[in-house]
Amino acid sequence: MGKGRLEAFTDGVIAIIITIMVLELKLPEGHDVSGLLAAAPSFLVYALSFVNVGIYWNNHHHMLHATRQVNGTVLWANLFLLFWLSLVPFVIRWIGEAGISPLPIAGYGFVLLLSALGYTWLERAIIAVNRDNGVLAMAIGSDWKGWLSLAGYIAGIAFAFVSPWIALACYLSVAIMWLVPDRRIERRIGTDPDSAG
Amino acid sequence: MGKGRLEAFTDGVIAIIITIMVLELKLPEGHDVSGLLAAAPSFLVYALSFVNVGIYWNNHHHMLHATRQVNGTVLWANLFLLFWLSLVPFVIRWIGEAGISPLPIAGYGFVLLLSALGYTWLERAIIAVNRDNGVLAMAIGSDWKGWLSLAGYIAGIAFAFVSPWIALACYLSVAIMWLVPDRRIERRIGTDPDSAG
Amino acid sequence: MGKGRLEAFTDGVIAIIITIMVLELKLPEGHDVSGLLAAAPSFLVYALSFVNVGIYWNNHHHMLHATRQVNGTVLWANLFLLFWLSLVPFVIRWIGEAGISPLPIAGYGFVLLLSALGYTWLERAIIAVNRDNGVLAMAIGSDWKGWLSLAGYIAGIAFAFVSPWIALACYLSVAIMWLVPDRRIERRIGTDPDSAG
Amino acid sequence: MGKGRLEAFTDGVIAIIITIMVLELKLPEGHDVSGLLAAAPSFLVYALSFVNVGIYWNNHHHMLHATRQVNGTVLWANLFLLFWLSLVPFVIRWIGEAGISPLPIAGYGFVLLLSALGYTWLERAIIAVNRDNGVLAMAIGSDWKGWLSLAGYIAGIAFAFVSPWIALACYLSVAIMWLVPDRRIERRIGTDPDSAG
């Protein structure tokens, strides 16, 4: 089976997730600037989520670009990732209703953690099917960014019950770390004539 | 007429269905874990629906891959399938409002049953246009999984009025049965040089 | 400019319209069958709208298949059509709130009428750019179905203030007339080697 | 990296934005024409937004058509543009709730302004990567329309606190200015055999 339809489906779902999040963003109350200021935290969570989903789209794009084969496990790992990403709009609504409080902020971290685990599973599944593709395997071999993300999310979930703002700082740090696109794969692709897609 | 645009349209609609379901998922009430636990059944219905729609996407993909011709009947059978799948988010909202109670759980089964009938119709319509395509016809000739799904959904609808939880167990069993992708078609495609898509 | 991106964008918007309509469908009230029966008219409007949008997708597909050139006018006529189609979910919500009553049912007819006018404008714009494409021009030359649709919608809007049910019967009649795909174009394409897409 | 997936993702997000806006459009109240008239301003904002997003789609299409290379900066400038466009449905909901009043109308101008800045950034980023592509650079070299848009939006935001209607007139004027598609690029593409896409 080719990877084209998987890529198109994933792009579609991610494009929808990133766009319908806005339907869950809470309106500012009242008619003055104090209402706007009160809505600012929700808006920041929205912006952070937009960037997070954008990062997944970007990295998914890079990884699939270097991929040549997909199988059933890759399909289901991908669907698992999409399942958890699909809950991001839900968490935005939850935070909009309940405010920057421990439970929804921990829930946000849980959704980000499971998404990251889904991405890791997908990565492993793709490497397993593309064993002969040295570029891909070597490129994502020492995935310290992935492990650091998991640690950051777990720390955030724990901190949420102490101070939800520290938890948000954890999630934000992980996002900033990823804002640099994964140049490891890009660089190796550039030097490997085989993987030109 | 080619099958490309039908595939793209169906993928688009299924990607949207699977993603907007989250807009219908009910928020947990209150600020403590008991509210989360009370929301767990809705969440399980959401997860089950996500998997069900994912299964349709996957099987639709396999079937269309082995298809070479489509006609008007195929188009309308496909639209009939999409109509019933489009009601899955509606049922999630209904269950979120009314709880795991007989009527919405029977309604869920009804939507799943009509979706399955739509898929069966689509299958028959595709076989009728691709009569010379022995791979496809033989591959889905003895469609015991399809018949078992219909039986499972009908049983679920009946059980919903006795215990909605037994009904959900019926729907879940059907989903688990389908989680194994339809290797019958895959296997035959692998041995038939004609159907390489 | 090619027609590919226009087709993809239109398919995307139509796929989204047909799918998000369900978010506007009103929940049945109460926990018994009487609540379901009371919701039946809304559900019928939903089903009729699903079929109508499906018909537009189908006919748009046929028309664009026979098209070779698009220009700025075609782009804006297409956007005008999509604008009015985008209001279909809104009308479903309106009918769900206000019931099968004169104003929303007339509004439904108005949206259908303007969509049909948009389609007619698009048709004319496409013919104007594809003057050398005899197949297309001849095929949709005597567009009695289009004119009958406009008449049916205008009649429906007028009747809505007498009886909204007669108005719905008008809209339904137009839909049934279109359920037969436009075989005029299909037939001519089949006999014209130039237009194979 | 190719531009294909960026184009497809952007088209997807813009198609979703333009379509889900309707979910945020407020229903007319009551059952008579006075309710409809009261809803007219919201409807006009909806129509203006539909046209604005359509203009972005159209101009993005023209610009990407003349583009040959994209890089990380282009990706992020594009995501920045999409972020601000994604807030258009939110502003429609806000105006629906709060009416044509200073704060939401200024907020609408702010979202339009930031979208325009995002488009300008994207334009600069694309020119930077396509330095050898004289067609593109010359074509959008003297971008007076872009600067006039920024001025119009800033004026609108300021006027919103005097009279929101004057602000809306500013936003409308910008939209009308853009309704003429960017023929500068089209014309040059027509005379440059290299950039045929």
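For reference, chains read A, B, C and D in written order, and residue numbers begin at 1 within each chain.
Just so we're on the same page, a residue touches a chain if its C-beta (ideal position, glycine included) is under 8 Å from a C-beta of that chain, and two chains touch if they have at least 3 such contacts.
Fair warning: this is a prediction, and the values are worked out from it, not measured in the lab.
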Check: Same or different: at the subunit C/subunit D interface, is the fraction of residue numbers used by both copies above or below half?
Finding: different
Notebook entry, point to check: Which chain's C-alpha centroid is most distant from that of subunit A?
Noted result: C
Item checked: Averaged-CA centre spacing for the pair subunit D and subunit C, given as whole angstrom -> 26
Next item on the list: With chain centres taken as the means of their Cα atoms, state the distance from subunit A to subunit C in Å.
Entry: 37
Next item on the list: Can you tell me which residues of subunit A touch two or more of the remaining chains?
Entry: 8, 12, 16, 20, 23
Notebook entry, point to check: Graph of touching chains, which shape: line, ring, star, complete, other?
Noted result: ring
Checklist line | In the complex, subunit C residues that touch subunit B | finding: 7-8, 11-12, 14-16, 18-23, 25, 27-28, 31-33, 35-36, 47, 50-51, 54, 57-58, 61, 65, 179, 181, 186, 197
Margin query: Show me the residue ranges of subunit D that touch subunit A in the complex, using the header's touch definition.
Written below: 1-2, 5, 8-9, 12-13, 16-17, 20, 23-24, 72, 75-76, 79, 82-83, 86-87, 89-90, 93-94, 97-98, 101-103
